[in-house]
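All chains are identified by letter, namely A, B, C, D, E and F, in their written order; residue positions are counted from 1 within each chain.
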């Protein structure tokens, strides 16, 4: 049962990722694209955790932690660039 | 693994997947940047949260002790997601992106 | 660097200690020793990076607040999900929220809360830190939003950060 | 699956090479980065693909080849250092030449040898 | 295991680290320590040369892990020769840089020593992937050094150099991946053992990888059509850097020599002599292109930079003869060309310092202050580089010509080498006569006066061509032995049996 | 010992001579003559050996690998040349003492002259052909420097370069020729070569070798068509011309022909090549000499002609002709040297060499005039002078050639015609200079006799001309005989050295030449008019033109190929790779190995599809840079997911963290760059690039597919087996990194460190003007440090450090390690910079990043070097499990110290790099001070 639910969940998350990619391509503005990228990062967390459950291993968990701790820095840098140009000043 | 745990896992997984998907649908379908901003910051965050809980339960019932590290992921996500949203909203307002018709109030630029 | 051999930021140290237990996936002799060590060491190293530390006077209220936020997230997420799935065009509104909180960290927590709870996103804080610009996805009026936030979040926060 | 993986490496390489051949520094940097992604995946796959075979002793029954992973890790780090350097060099190029053309000034690309005859007038 | 093997690596590494810490130390202290490090490198290289001269292979297994599992350093005659060659060049270039070229960048000496670190690793390592790492170390340091100095002239050539080498590194990794995917090993001795056993479809993969590796090494060595990054980059680099870079192309040459005698050597079965039939014509075309570039040069440094390419063509032509005599001749030529070209870069710099705005361009300018001295140095360098008697270049060329066996190959080699020599002679005489003899009235404001350090170091490098002539006997004996060792590399595989410390066989 | 000494002495003198320059011209001249005098003395004892037909050999081994030895050999021929070189050299030294002005660089002059003398001696005394070649090229070099002695004169420079180009180039041909001969014979020793004449001539490479050797000889001896350099070499100071162009340099080619005569001569090829070249040179030189108004020009062309005569004699192939050739070498050297010196005196005393201005000098310098007239008469072949004797022999030999039919007449006719010209130009030399009215507009007027000692060399030489002319058998007989014997390498034919052989055909030819020449001179105006109809070619201008053309063509060609376009170089690189790999790869085809394809996994497939899509889109959309950057980030994210999906957690984490830093880095850079890339390449160019890219991509796909589906065994089993027991860690990747292949990692962090240092240095003094807005009409926002970001950044730092400590500590056993931990720390600090600014953050960072880098590297090295103390090799790790109360059992591994080094280096390097870029931003520095207050 878990396996089925897992597959359904993975399918939903992957579909979500596809939609994010759609938004990324569609735009229309730069913030939309960054938002899509940011969301993709969060989807990636989900996918990594789902992978861990599928494989029954916790070896990939830290990758998810890494995204949670650091992933937003990229978004912040991009947003700051769009607004301010200079990221570190 | 107990049936209860199994059901919990299944439910959590499905909720998580569903919210993630809904967030993405929102991102894809909502009409302007600011409305789209809502999808990821919450629906997706919640979705990931649910999946994380599923994982916690799953690994806690694996017979190798508890698995709680995942909780931190949620904590970090809750800390950082609003910042991303805030920064992006600021950028969008700065760039003066289109706002959907019927929006009350105005984004301001300082 | 190591001014005194104490815990310059005890709440932070406690948090870090807890974080370490989470990271170690549970409490053990080793994790306690290491956690204590790091919970002492890291604030020593980083205290300079947090000059304007918030005056968290009633920290015991924090768990309750968090719980409320958590519940709100779940409830309101459903609302937003329904809105998204319904295909009905939302009725967004930009709200200029007058802040009573003054501490920057408190404002940040409020703004974060607003962003995390569905239907609202903190878009910006004014330069003078008096107004919070909020984008509400689907709201009746500006005042509704302001009142809700004031009651549910800003008040408790003001209690904590006084 | 292997075919898809191979195609991904092919696509990364193709995009990387195409951008490498552009005339401005920024696309070239992007191209090099894409190329290095492709190369890293390639080097990684020289140990073949495995699912759930993380080379952590005791975590699984069938381990994937750890050596290519270690090599790729080294390659990623080195690639990062190189990318950083080339990005900064692109900035320096921008500062020195006031545009980010990889070939520098157009005028520098034309011959300008003065023959000895041309200079005899000095005598 | 002989710890001396690590000396040429650890000395520059520690010296470099020291320099990193000492960014704000007094410049004289930094210079003293940096030069001391370089001297120590030379000493260690000489020790290794003496060791290697017994003709055996010495392996050093890092981490006490037996090859092919751990990384090994392997000392043989070739490695020792390259170490000494580099150390001597480096020492004089370093002395020269202390004359003022090291100013304006507190990290110059660190970069310089790290550059030597990379070079030395490359010469000693017995591991294919570690060779990649060594290349990266020496490349990144060279990027830094290349950009050293004031002015904007070197940015674009530097960019070209960096980008091409980054692409080259990617190709290197792809080749390593392909080879590993078939042989499952990275140790060169082990590869020499595995490659002959490869068959079928695998053979095609290894073959493609081997050829791609040749392109990578060719890029480093600057073979046509991969040599065009070099002239501008070298011509624009700060003098001691350009002079040190005389050895950079030789790393590519070394890698070709090492990998294509060991892994794809005579005993490599179906892959024996891989790519060598390509190499010979490419080498000759490279030589010719170098000569064209030299004749058409507008400045002395460009001329010398093209001389680097001429050298590469000559070296590879001799190497691709595939005979011991050819390899030995190439090694002899290698010593000559590396030092002399390095010296010529320094001389060109001294010249340009005394010619005001004319710099090193081949145009008329007011008479130089130290014309006699500089023209003598230039003459010696040019004679040695162009291969005229009585200096070392002549004997090197003689050895190369003699190495060819009668036939079409000989006809091509002789014609191109001799005609190339002729036009090089014309290029040098034209450049020299304009720069030194065609003076205009007037004087240069603040001409660079010659200090002891710069004069001695520039002079010493070109004067090494006399030393080579005097020591030609011992040197040819050594290069002959080196070539013999390279061409009978089956003993190299024995390093796989190196006993580990504290472990029984 | 004495032979090497003879060669070495002048070189020693060359080193010593400049030391005497301070003492004045007399001192240096005396000092310079010492080596020559000693050399002469050293040669003297050998005479008896040589007279008995013996040979003196002194041989020392030098470079056996090359076949070069220090072998010197003295026989009649080399003795003859050595004497000419030394004796005339001595006279020149004396002469130059008076010729050079005091302010000239006499030190350099005598030094070079002695170098040249030594080189010439080396040529004639070498017993090893390669050794001879060394000296041969040395004469080219030293003569180059001598000719250009007055290098401020353009003509001198050009003349010198032309001489160097021709003779140096010839030397290269000679080198090839000698190598072939050496290969045929198996030795470069002269004795072996001379004994192997038949072997050489029978060899298939003989024509090639002969041609190459003759090229060397002809260029050196100014034979047609290489004769043009010689007259222009007259730009040298006259002592140089007198020395180089009478007895030495130009005679080197002649010497070579004589030396190799036994080995190479006697074949048809020899005959035709040598004699016809000689004939052409003889005629052309003689003809042109007639029309030169420059005194030295006349002599130079006369030299060309006489060299042609000697060459022709050698070419004839008869033994008597060879004897005549050797004889004429002696005679020409004496009269030509004296003539050059006389010309130099005239030049010296009148200030010009233009015969149209120099007239009637008899009245001003009768002594010199007498000497010059005697020498000129010898040149013309007037009886009782030495020139007559050898010319008579030449005429005789020209009649002996057994050419078929009409051709039999050609040599005597040519000989006579050349004789006529020789008499005519000699007559001109005498009449036009010493008589023919009054001088015209001389720069120095009135001219008078030179210093007494300046004439002595001329007197000696003229005396020799007469002595040989009148008493040939006594004066030169023995020397000529031994020289001829040595040349022929065998018996010498019967010949008679007498003043006259009675009335015979040669004598008729001599008379014809004499009176024909006088007649021609008397009718000179007609010939001048005739000659004036042809445009005279200035070989120097032609040469310069050719060199300039070469240089500019080469320059244009270089620029055409090496055009400074990175795009081209990169394309060449990619094409090269494709070219070498395409053959094996196409043979491979779409190859699926025996492992086959694994089943399709849809989520992964979609992920890969997105990756491919975004990768291609990055290329397609690259002009919109920010967009491309986002797409690149997606690709990076998917690559790391791919690593996770295919069992590489460490790689996934590394890729993720590197990704974040890379994005920040690229954003930092993009700020200063244009946000759009303009379209600059043509459609065809883009299509071409796309084609190259697709081929490269297709190739990679094929290889990957083939690779992934084939089984293989690798050394990795060992790592899996030994990681825990030998390396003390369960994360095999990490154990490989810090232990099995720790040396790679040491290199890798060094790369990182160097990159950061390089970046720092490169940006130290760089100034970049930031754009005022984003290029789409938006000025930058004022809000540099947003409140929320600032506030969250603060707790993020300790939290991230905690995570980083966790990742670091577990790395040896679980995914993680120093590198990833370092990047987490670095990113956390970067966040501080982004959120709160450069100054705010920098103020709080208690260390210099340089020192962090240094410390990191140091830790790694120390961790590695610690094993030395226990007798283990560098980087040997150790570990132990310790049991403590409360804590329990835990592992202590020395590899952790190494990993700490990695950690620190990563932090230092990453931050130093990013901060260096951040520091470029000028406008916010003041603001951040305000913020931090």
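Basically, a contact is a pair of C-beta atoms (placed from the backbone, for glycine too) under 8 Å apart; a residue touches a chain by one contact, two chains touch by 3 or more.
Note that the structure is a prediction, hence the values are computed from the model and not measured.
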Using the touch definition from the top, what's the fewest steps needed to get from chain B to chain F? 1
Farthest chain relative to chain B (centres taken as mean CA coordinates): F
Chain of greatest Cα-centre distance to chain D: C
Quick check: more C-beta contact pairs in A-D or A-F? A-F
Round to the nearest whole Å and give the separation of the Cα centres of chain B and chain C. 16
From the mean C-alpha coordinate of chain C to that of chain F, what's the distance rounded to whole Å? 74
Taking each chain's mean CA coordinate, chain C and chain E are separated, in whole Å, by 61
Chain C: which residues touch two or more other chains? 19, 23, 25, 111-112, 122, 127
Which parts of chain D, given as residue numbers and ranges, touch two or more other chains? 20, 25, 28, 40, 42, 45-47, 51-52, 54, 56, 59, 67, 71, 74, 78, 81-82, 85, 89-90, 92, 102-104, 108, 113, 116
Do you know which chain F residues sit against two or more other chains? 154, 547, 551-552, 555-556, 558-559, 564, 566, 570, 574, 629, 645, 649, 670, 700, 703, 707, 712, 714-716, 719, 740-741, 744, 748, 751, 754-755, 758, 762, 774, 781, 783, 786, 788-789, 792, 795-796, 799, 803, 814-815, 917
Which of the chains are touching one another, listed as pairs? A-B, A-D, A-F, B-C, B-F, C-F, D-E, D-F, E-F
Residues on chain A engaged by chain F in the complex (per definition of touch): 10-11, 14, 17-18, 21, 24-25, 30, 33-34, 37, 40-41, 44, 47-48, 51, 59-60, 62-63, 65-67, 69-71, 73-74, 76-78, 80-89
Going by the contact rule set out above, which residues of chain E touch chain D in the complex? 129, 133, 136, 140, 143-144, 147, 152, 155-156, 158-160, 162-163, 166-167, 169-170, 173-174, 176-178, 180-181, 186, 296, 298, 363-364, 430, 434, 438, 440
Applying the document's contact rule, which stretches of chain A touch chain B when the two form their complex? 1-2, 5-6, 8-13, 15-20, 22-23, 26, 28-32, 34-36, 38-39, 42-43, 45-46, 49-50, 52-53, 56, 58, 61, 64-65, 68-69, 71-72, 75-76, 79-80, 82-83
Would you pull the chain F residues touching chain B in the complex into a rising list? 774, 776, 778, 781-783, 786, 788-789, 792, 795-796, 799
Any idea which chain D residues touch chain F in the complex? 1-31, 33-34, 37-38, 40-42, 44-59, 63-67, 69-74, 76-85, 87-92, 94-95, 99-100, 102-104, 108-111, 113, 115-117, 120, 123
